[in-house]
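Single-structure report; data block below.
Naming follows writing order (A, B, C and D), and every chain is counted from residue 1.
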Amino acid sequence: MNRETLANTVILAALAGIPVLAHLGGEPFVITLATRIAILGLAGVGLNLALGHGGLVSFGHAAFFGVGGYAMGVLASHAQAWTPLATWPVEIPGTNLMPVIWLTAILAAGLLSLVIAALSLRTRGVYFIMITLAFAQMAYYFAISWPAYGGEDGLSIYVRNRFPGLNTLDPIQFFAVCFTLLCLTLALMSRITGSRFGLLLQATRQNPARVEALGVQTYRIRLFAFVLSAMVTGLAGALYADLNRFVSPSMMSWQMSGELIVIVILGGVGRALGPVAGAGLYVLLENQLGGISDHWQIFLGAVLLWVVLFARGGVLGMLCDRRSADG
Amino acid sequence: MPVSLVIEQALNGLQFGVMIFLMAAGLTLIFGVMGLINLAHGSFFMTGAFACAATAAATGSFLLGLAASLAAAAAAGALVEVAVIRRLYARDHLDQVLATFALILIFSEGTRWLFGSFPLYLDVPQALARGVMLPGGIQYPLYRLVVIVVGLCVASGLWLLIHRTRLGMRIRAGESDREMIAALGVNIAGLYTAVFAIGAALAGLAGALVGALQSVQVGMGEPVLILAFVVIVIGGIGSIRGALIGSILVGLTDTLGRFLLPSAFGLFLDPSAATAFGSALASMLIYILMAVVLIFRPNGLFGVA
Amino acid sequence: MPTTKTLLAALLSCTLAVPALAGPLKVGMITTLSGGGAGLGTDVRDGFLLALKQAPDIDIEVVIEDDQQKPDIAVQLADKMIQSDKVDVLTGIIWSNLAMAVIPAATAQGKFYLSPNAGPSALAGKGCHPLYFNVAWQNDNLHEAAGAYANDAGYTNSFLLAPNYPAGQDALTGYKRMYQGDIAEEVFTQLGQTDYAAEIAQIRASGADSVYFFLPGGMGISFLKQYAGSGVDIPVIGPAFSFDQGILQAVGEAALGVKNTSQWSKDLDNPANQAFVESFQAEYGRLPSLYASQGFDTANLLISAAKTADVTDPDAFQAALEAADFDSVRGNFRFASNHHPIQDIYVREVIREGDIYTNRIVATALTDHSDAYVAECEM
Amino acid sequence: MDDPLLSVHDLSRSFGAFLACDRVSLDLRAGEIHALIGPNGAGKSTLIKQIAGELAPDSGSIRFLGRDVTRLGTARRARMGLARTFQVSSVVPEFTVRENLVLALASGQAGFPGVWSRAMTDSALTDGADAVVARLGLAHRSGIVASELAHAERRKVEIAMVLAQRPKAFLLDEPMAGIGTEGSAEMTDLLADLRHEAPVLLVEHDMDAVFRLADRITVLVSGRVIASDTPERIRANADVRRAYLGDGPH
């Protein structure tokens, strides 16, 4: 077992084990924190596909996170109020069934990202960073000023959505749902990054001219990676909204995009479990530093700065060595 | 709708654009020369505004305040460059984004720690606090006219600096070939610190000028930062001319959009829907402008591939 | 000093009335202590803690957390306080959108919530809840008062300005509910906008005889400074938020003489208020703000309920809160059937006292005012 | 004689006022090595880029396998069988030699690449990759990351990658550059061998190699073709001697 595999095992075991212990010890908030780590980690895993493997620095992934959240909010609010979502051409009711919500979130994020990526991928480098930000800002201002679903106030869903056979209001059961989805996605990502597509994606990041000369249209590879990445982040958004039983435009703000990037970098760009490690560290910092003083964000800034300057490659980069092409 | 109102709004758009330009000029200079994405540029804007407010409150002189804002922002810029930024030139954009994001947190909370949570008082100097009558019967605040003039002076000053001075020659050389000018014996570290400090000072000046019109508060830099990024991307990164034209384009689009869109929608929607829809679209307008520019010109209006 | 004596007497009588209670009452305060909105949260917190300090015999334990003005963080803090700190009562939220995120979930879990600031309409009408009490105002209140004042002042053509988000839309609705004149124009600005030259030009061209604006925080400061510099002299009315003690110093002379509506003012003539203003200044070395007064009242309401009932008996505790048996710094204060205040709302004018800008009351806009949603609340 | 595989007709391209490619025509026939020579700045790279599809011509046309490809993108032309190497060896730096070859083979497969089955354990890809690696004598370096290879080795990996594409024509942009005398000799043998796979359009400065390998030589000066003929006649061509060989020693 190499060091990265060992580190990955430890990370997943800790993420699964700590909530179980907390459940036995009657500390439900620890479970909530772990759920938050799992969900933000999932969002980061999505971003990591575009950012880490594809080299597509998206400063607009909050848009997909938010769209996933709104997919949950809109469907659940209609189910809650017993009003149909649409009456034409067919009547579509709302729903509070998680699998349906997840599917909607994934599709909605996928569609939005398809449009955004199709336009944005014409640019490179900083221009790409900024055009993705521009699209996310459009989504953000749209959500703020669109009154139908709460505008800036957001949407409160008073009861967490249902998953057949589970009591999702029980923190540990909801955690289990999120953790399972995280593990499934990680497995999927491991297949994808090791596949022919994954190989081409990483080659495209490092040497697009070569890949084009080999007869592959890098635009399509990037497009697919970006859409897939947005779909995972969208799913995470739906879960995050369910965790908070609340969705608002702040999920689409540029600070949120920044946080997602921070999470990926903290853990280690392009590493399978980097985002999970990053999310863990970020949530812990946020929770622990708050106790030091009102000005805790200074310390958060200092820690982040230290990581960039001295712990290159993030937490996993410090622990492990070079990434391999099929890792 | 009276023509004079449209002209006045266009003037407002120009003035807003010039304000953004002061911020964007430093950003694009830093990006062009060092290839650095500096999210913390908004923090220098804030530093300038706070320094100006504090000095003006202590001395009663707005001019001293302006001087203080330049000095404080330049000093903060130089300090940050030496302590942090110079380790980032060789890194990729991701590391730069994260590090400067961290700097925002430190600057914002640090400022709040020093000055408290409440906004500071800073007003336009008495001599400029009046309206003037422009040809065509438009009454316009003198201070805003002065801001437009200062902005255009800074633009030409920068142009002269880059094209007519020894420092500018080095800056241009540094843009095209870093190793070469280092080989020629130019102190590249010193040059970078100087450029970074100049960029920061410009942002500080913008903060002070704008601070007199707005609220001097923690976090005031971030909205302007986003605007400045929009501007330099539209104009083409590294191009001062692009930044100026991009700024004015953004200023005009935003101001006229806010003003005209609700009335335009009023032609075929009922008033409240038109206001809501028009305002919503107006807030997205500059981002739409940026996306459209990038779709047709992926390197901005004046960028090089 | 007579006021101190009154206070001491009040405190003594309180002490005698305290029944023996089991365990401390645990309060969770979620408020904004970092970032641009920290001033408001700090004031609510300081007002709240001052009241607790003045009632040392009531065993109330407070857990305070910073929500960073982010709704998702607020929700997580509420979860933490309910699940791990096991608080009985939640309070502290400043912003409507955060309130909407936290309050329904908290009351659904059987926790009391006392709002020291935000009062979204959804929670006053159909979404009202027995465990939710608003100690400040329903969001529309100050705007309604401004509308009423505009009528009294004889304005017949108002220009309305607010950010394009729900609270902004509510504000203008509130104003129009009372205001009987014409609307010159209604303009929605971008949230967080800093430059208002375009709107001011529209105001100048509109021919209005009054301007009503709702621009909380930095937006209001920017607007007022730019408005004063523009040479437009149409009178301005606003809600107290843009003329509060904390930000008034930053607006400075530009605010002088502007009328604004508030349910509280530093110069309100009642003993509780005089004692509060004095003790707040003594404790923190600054004048109290509207938010501080609301935090102070919230704590005193809580103390009054804790004196007569135990939170472990929710029905009794709810009844004790409904009684609102405390000396509000606002003078008259009682709850309507939707647990929102019935109170007087005043018109204040910005004045200068020495070096400091502050407000004085010039008129009463509304007396014994409740809110427009009380009939919709089925409790 | 059969139609040429690749033919360039009247191709022009300018950068601002500078005409980098001036009505150039040439072709590539089955089984031949056609060398393109010319002094620095003659427009060889501009021409190669246009043929590969990386640069759009201002006017003129390019036909490949009987089809007009002037408007097709790089990837489409590559997929039709046009394989190219770059002046600076272009491999994927963080991949191992073997991964680079698997990538080349995977790129050739039809349809959108699979996202599920693992590429590095797919024997349809790895067997082919190992075979090419062995053919170029790189078997012992198979697990080394490309960025750690020596210049000559990296060049060989690049050639192996284009070989793995099973192309209909090779475009080789200065394959001898920077690999030393010994490397050049080896590379010359390798190129001689390549012609049996597909014809080669070879841009090269190494004149020994060019005159040893080429069946035809086209000389480009200032964006214009000044001569195109067999090596013997080029050697004798007065224009070439004056404009090119006369400029300096090679």
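Criterion: a residue touches a chain if its C-beta (ideal position, glycine included) is under 8 Å from a C-beta of that chain, and two chains touch if they have at least 3 such contacts.
Remember, predicted model here, so these are calculated numbers, not experimental data.
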Q | Minimal step count in the chain contact network, chain C to chain D | A | 2
Q) Farthest from chain C in C-alpha centre terms, which chain would that be? A) D
Q.
Averaging over Cα atoms per chain, report the distance between chain A and chain D in Å.
A. 43
Q. Cα centroid separation between chain A and chain B, in whole Å?
A. 32
Q.
Taking the mean of the CA coordinates per chain, how far is chain B from chain D in Å?
A. 48
Q. Taking each chain's centre as its mean C-alpha position, how far apart are chain A and chain C in Å?
A. 37
Q | For chain A, residues that touch 2 or more chains besides their own | A | 141, 144-145, 147, 295-297
Q: Could you list the positions in chain C whose residues touch two or more of the other chains?
A: 34, 38, 164, 169, 188, 190-191
Q. So which bits of chain D are touching at least two other chains?
A. none
Q) Chain adjacency by touch: line, ring, star, complete or other shape? A) other
Q | Touching chain combinations (by label order) | A | A-B, A-C, A-D, B-C
**Q.** Residues of chain A that touch chain B when the two form their complex
**A.** 51, 57, 59, 119-120, 122-127, 129-131, 133-135, 137-138, 141-142, 144-147, 254, 258, 261-262, 265, 269, 295-298, 300-305, 307-309, 312
Q: Can you check the complex and tell me which residues of chain C touch chain B?
A: 34-36, 38-39, 42, 164, 169, 186-192, 194-195, 197-199, 201-202, 204-205, 217-219, 221-222, 225-226, 229-231, 246-247, 249-254
Q) Touching chain C in the complex: which residues of chain A? A) 27-30, 32-33, 36, 141, 144-145, 147, 150-154, 156, 158-159, 171, 240, 244-246, 248, 250-251, 290, 294-297
Q. Chain A touches which residues of chain B in the complex?
A. 31, 37, 84, 87-88, 91, 93-95, 97-99, 101-106, 108-110, 112-113, 226, 229-230, 233, 237, 276, 279-280, 283-284, 287-288, 290-291, 294-295, 298-300, 303
Q: Name, in rising order, each residue of chain D that touches chain A in their complex.
A: 52, 54, 73-76, 78-79, 83-84, 86, 90-96, 99, 102-104, 106-109, 112-120, 122, 125, 145, 161-162, 165
